[in-house]
Amino acid sequence: MTTKEWNQLRKMLPQWVEESRRHCFDGKVASYIPELSKAPIEALGIHILDGRGNAVSAGDCGLSFTMQSISKVFTLILALIDNGEEAVFSKVGMEPTGDNFNSMLKLELVQPGIPFNPLINAGAIAISSLIAGESSLDKSARVLRFFQLLAGNDSLDYDYDVYRSESETANLNRSMGYLLKDNGVLEGDVEDVLDVYFRHCSISVTCSDLAKMALVLASNGKDPLSGKQLIPRRYVQIAKTFMTTCGMYNASGEFAIQVGLPAKSGVSGGILTMLPGRYGIGLVGPSLNRKGNSIAGVELLQKLSQQLDWSLF
Amino acid sequence: MTTKEWNQLRKMLPQWVEESRRHCFDGKVASYIPELSKAPIEALGIHILDGRGNAVSAGDCGLSFTMQSISKVFTLILALIDNGEEAVFSKVGMEPTGDNFNSMLKLELVQPGIPFNPLINAGAIAISSLIAGESSLDKSARVLRFFQLLAGNDSLDYDYDVYRSESETANLNRSMGYLLKDNGVLEGDVEDVLDVYFRHCSISVTCSDLAKMALVLASNGKDPLSGKQLIPRRYVQIAKTFMTTCGMYNASGEFAIQVGLPAKSGVSGGILTMLPGRYGIGLVGPSLNRKGNSIAGVELLQKLSQQLDWSLF
Amino acid sequence: MTTKEWNQLRKMLPQWVEESRRHCFDGKVASYIPELSKAPIEALGIHILDGRGNAVSAGDCGLSFTMQSISKVFTLILALIDNGEEAVFSKVGMEPTGDNFNSMLKLELVQPGIPFNPLINAGAIAISSLIAGESSLDKSARVLRFFQLLAGNDSLDYDYDVYRSESETANLNRSMGYLLKDNGVLEGDVEDVLDVYFRHCSISVTCSDLAKMALVLASNGKDPLSGKQLIPRRYVQIAKTFMTTCGMYNASGEFAIQVGLPAKSGVSGGILTMLPGRYGIGLVGPSLNRKGNSIAGVELLQKLSQQLDWSLF
Amino acid sequence: MTTKEWNQLRKMLPQWVEESRRHCFDGKVASYIPELSKAPIEALGIHILDGRGNAVSAGDCGLSFTMQSISKVFTLILALIDNGEEAVFSKVGMEPTGDNFNSMLKLELVQPGIPFNPLINAGAIAISSLIAGESSLDKSARVLRFFQLLAGNDSLDYDYDVYRSESETANLNRSMGYLLKDNGVLEGDVEDVLDVYFRHCSISVTCSDLAKMALVLASNGKDPLSGKQLIPRRYVQIAKTFMTTCGMYNASGEFAIQVGLPAKSGVSGGILTMLPGRYGIGLVGPSLNRKGNSIAGVELLQKLSQQLDWSLF
């Protein structure tokens, strides 16, 4: 971290947030999970954390929101820890799809019908089935504790209203679950697997929690403050690679060109991203663009990347 | 019915059955419902019934088998009786798909995501949800009574082993059910709708039962023996048209060219067909060709159509 | 032919045409071939011919128009005459597709990549390559003479403006031609094959010509006036079957339910249909519905079929 | 560059090449362009170049081969120089497809029918049409000179046998060209555009040429020896990002996980890759894996990345 860059961030971030916020009204808050539609369309907040514990934030940082698809990065890591690379990649592939995150086309068209990657819905459902645990509640508890550990926040918990709303209306995810079962990808009861999935999507966080989790990834799995290795480095590498190739739904290619950072978005409007070796970043902006990513959030990250020359490429 | 043709049928049918039976070993008995795989691969039987009650049969006519997809013709008719054309065709289309009978591609690719026709699995599941009744058991009871009425056989009943086997392993149909729910095609509980579907697929019949049901269609909805109009003529017309364009899965086009009769097949190896105005025909041959139709049965019908000039076209 | 029906036709046809004509403004004249867009949107005409040479017509029967896809039925027949069933069906299949008439999806997705049937564009291009002849001009000359023979009209000729317009703008058909070449379906030069195709689509006819050609099909290949067998009966059967299952693009299933006659439409607004054993029918109405069929023409045929109980089913 | 790593490379590279070479017989030399099938199946060579002009190489480095898809990276860059980002990205997208490199599915299924990215065949054909020049020969001459400049090799030229072989047999690319024309992506004559494409695919190189071109990219567009900025840095960034997300056909995701370097492969067995800021790398191994990448080449790069910790992630 250069002091100069940090000073520029402190000075400019509020202005860049306000400039990006204008784009909120060009997008829409997600409505397919009824409970999500209550989020404020004009909100935008960001929290940036460095390895010495310094933070800079701007905008609506107090907002709580559910992790949704952002959680997929960390269940992937936990499944890797529980099962190893070989077992995990016998159930999900490593390729971007070019399709919507909830598409089932390739599960029917491309043999052997395993999800193309762990960050699309079908892949994340398959990953949920790989979490170790005696029961679905036990698996969910392990996921929650792992997330608490990474965020350094023991009070992380589910948003039960979102969880119930998602569980009740998620017929497309149920359809995917049964197709995966038919394709031999899922073991066990489909509803049990889906319950693990719905729960980890419903974990409620703030930008600061996301920034903390991102910082662990940016630090190759080590908590830079405690110095503890929380995740094996190779699994962080796998996670960061997937975030780069598949993290922003089927706008991942464009995000790589325009921003160039590993990132993962969720339909609640959250984005977790990082500058490897330097910062962990958490962001929220519930108004989404056509591809399902925070419209103002993507705008803001593009501005940051261009102003501060952050692209990995 | 010409006496000459009837005499030829009586004389030649056993020989034609034996010639066609040789093809059994080029096919396979269905195995995706475990209970179905127990059927005898070399069996072939046919029963032909005319409007005065004369019958000719040959081969393994004593064999009982489940209706499977053949039942879809009659649940369509019952749904039409219960709801009328407009309501039914707001939930299913009228077009062949060119895809496998259990494909979900067009449910995702073609807006508004309703099944292309009532004879593919997705369409028949949608039709099951349209059967009138207080509960799924009530609906199933109405279906069974309707089938008993058409077959003139009050002892028609489910094969409970097949029903259970199908219900336990039908994850692809479950996947379709939830996708239809998500697409707004199904009302009510998906498992309830599927139960109606699994039950009507599991109704056990013989060739003679199918011939009786076919004869009602061949007679424009009237029972030729009692003179009673069991089905409105327009609904028979709709059913016969679908049997011609979509009745033999994605080999319907070829069957129309090579045989030229309205027909519906099932994965148990049954085929219900007819010579409109003349005969009802029931057939069984559990060994299936690549497209899921009775391999020897299609061969036999082709021989009959060519020898006796039966094509409608 | 019952005198009663004929009298009803004479009396009612003008009124039915006028009632159906109202739908013209709900559709659109084809514009993808620029020259076609000049057709009058409000036109509707029909010509019905029986086996003794009696005719009844109404509406804009004087209108000349190009055969477009209607020609595919007769090039299929000529290819069958030239090559036999086995050779023809090694290059095209027998199944409806469920896709648009100009879709290439199944050529890529379904092995071995041959067109599903001879009435979609890809199939008709494959058929064009099977017409016997020393050169593409020679093949085209044979097609034209065959059409003249069936229409009993030696002055049938190309509309050269449409031919040129089609040839210049048909990049999608060119794309299909080269894909078929790559899939091993086409022999010879792609542009030569396409020239045969563009020419037979551009043959100019009136409703009366279509009715005459249809009457030959309705009479199982015999010219009912001269008594000459112009087409082997089996090939007429094949053609009529395809017209029933695939003749009205991806609205063929609905047309079979609502009208129930073998028919073939073209984007110029023409429809050739027939009442087998009785009438040949030619119709034109350039305003098309969403599926590419004459919007008023389909309306008129539905009225005729329902009023006069014409469905084959 | 650490001296230690360079010494390790010098010492180990021959052994790593030999270990990787064993995989050659598990793959196949490309045969769809007949001329390519003449390449030696067991060949494997690599050339690594640093910014001070030091080189280390091993295996069959003398082999000449055509650039094939590797050329797409540099025509993209030239099109960006000629037209700017906005014009280029109005004709091609930025997303991986998940499909084969020669698939046309998304051109039909996803509106507005522009290629998903510039590194699949359809995208590269679209890019060919954007190269500035009076005629197709003029455009091709500009491409060749640009490649000569980057490789620092004025004698770079076409392999005319491959060019002719490709031009004569490339019906699938022709099909794509006409579909792109129909979709409004291509201006001008399709055959002219394809000629530019076939020519740049046929430029003959050695591993040393590729390493030189790669080094310019690794140096953010600057020739490290002369100090001249040959490509604007932003266009290098765009190229490197596409190489990371889409450079290895539909195995790009796996390559990113297992190797983690920007790379582009060709069906001749060539791979151009780099360690940003450090090395340019050229490699050839004509035996291809199932996804169309050099089977031994991918093996070798995986070994290098794991041994020397080269992943960007």
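All chains are identified by letter, namely A, B, C and D, in their written order; residue positions are counted from 1 within each chain.
Just so we're on the same page, a residue touches a chain if its C-beta (ideal position, glycine included) is under 8 Å from a C-beta of that chain, and two chains touch if they have at least 3 such contacts.
Bear in mind that the values here come from a model prediction, so they are computed numbers and not experimental data.
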Contact-graph separation of chain A and chain C, given in steps at minimum: 2
Gap in Å, rounded to a whole number, between the CA centres of chain D and chain C: 48
Centroid distance [mean C-alpha coordinates] between chain D and chain B, Å: 55
Chain A and chain D, separation of their C-alpha mean positions in angstrom: 32
Of all residues in chain C, the ones touching two or more other chains: 109
Chain-to-chain touches, reported pairwise for every pair that qualifies: A-B, A-D, B-C, C-D
Complex contacts: residues of chain D adjacent to chain A: 93-99, 106, 116-117, 237-238, 240-242, 244-246, 250-254, 256-257, 260, 262, 276, 311-313
Touch list for chain B against partner chain A, complex: 103-105, 108-109, 171-172, 174-179, 181-182, 190
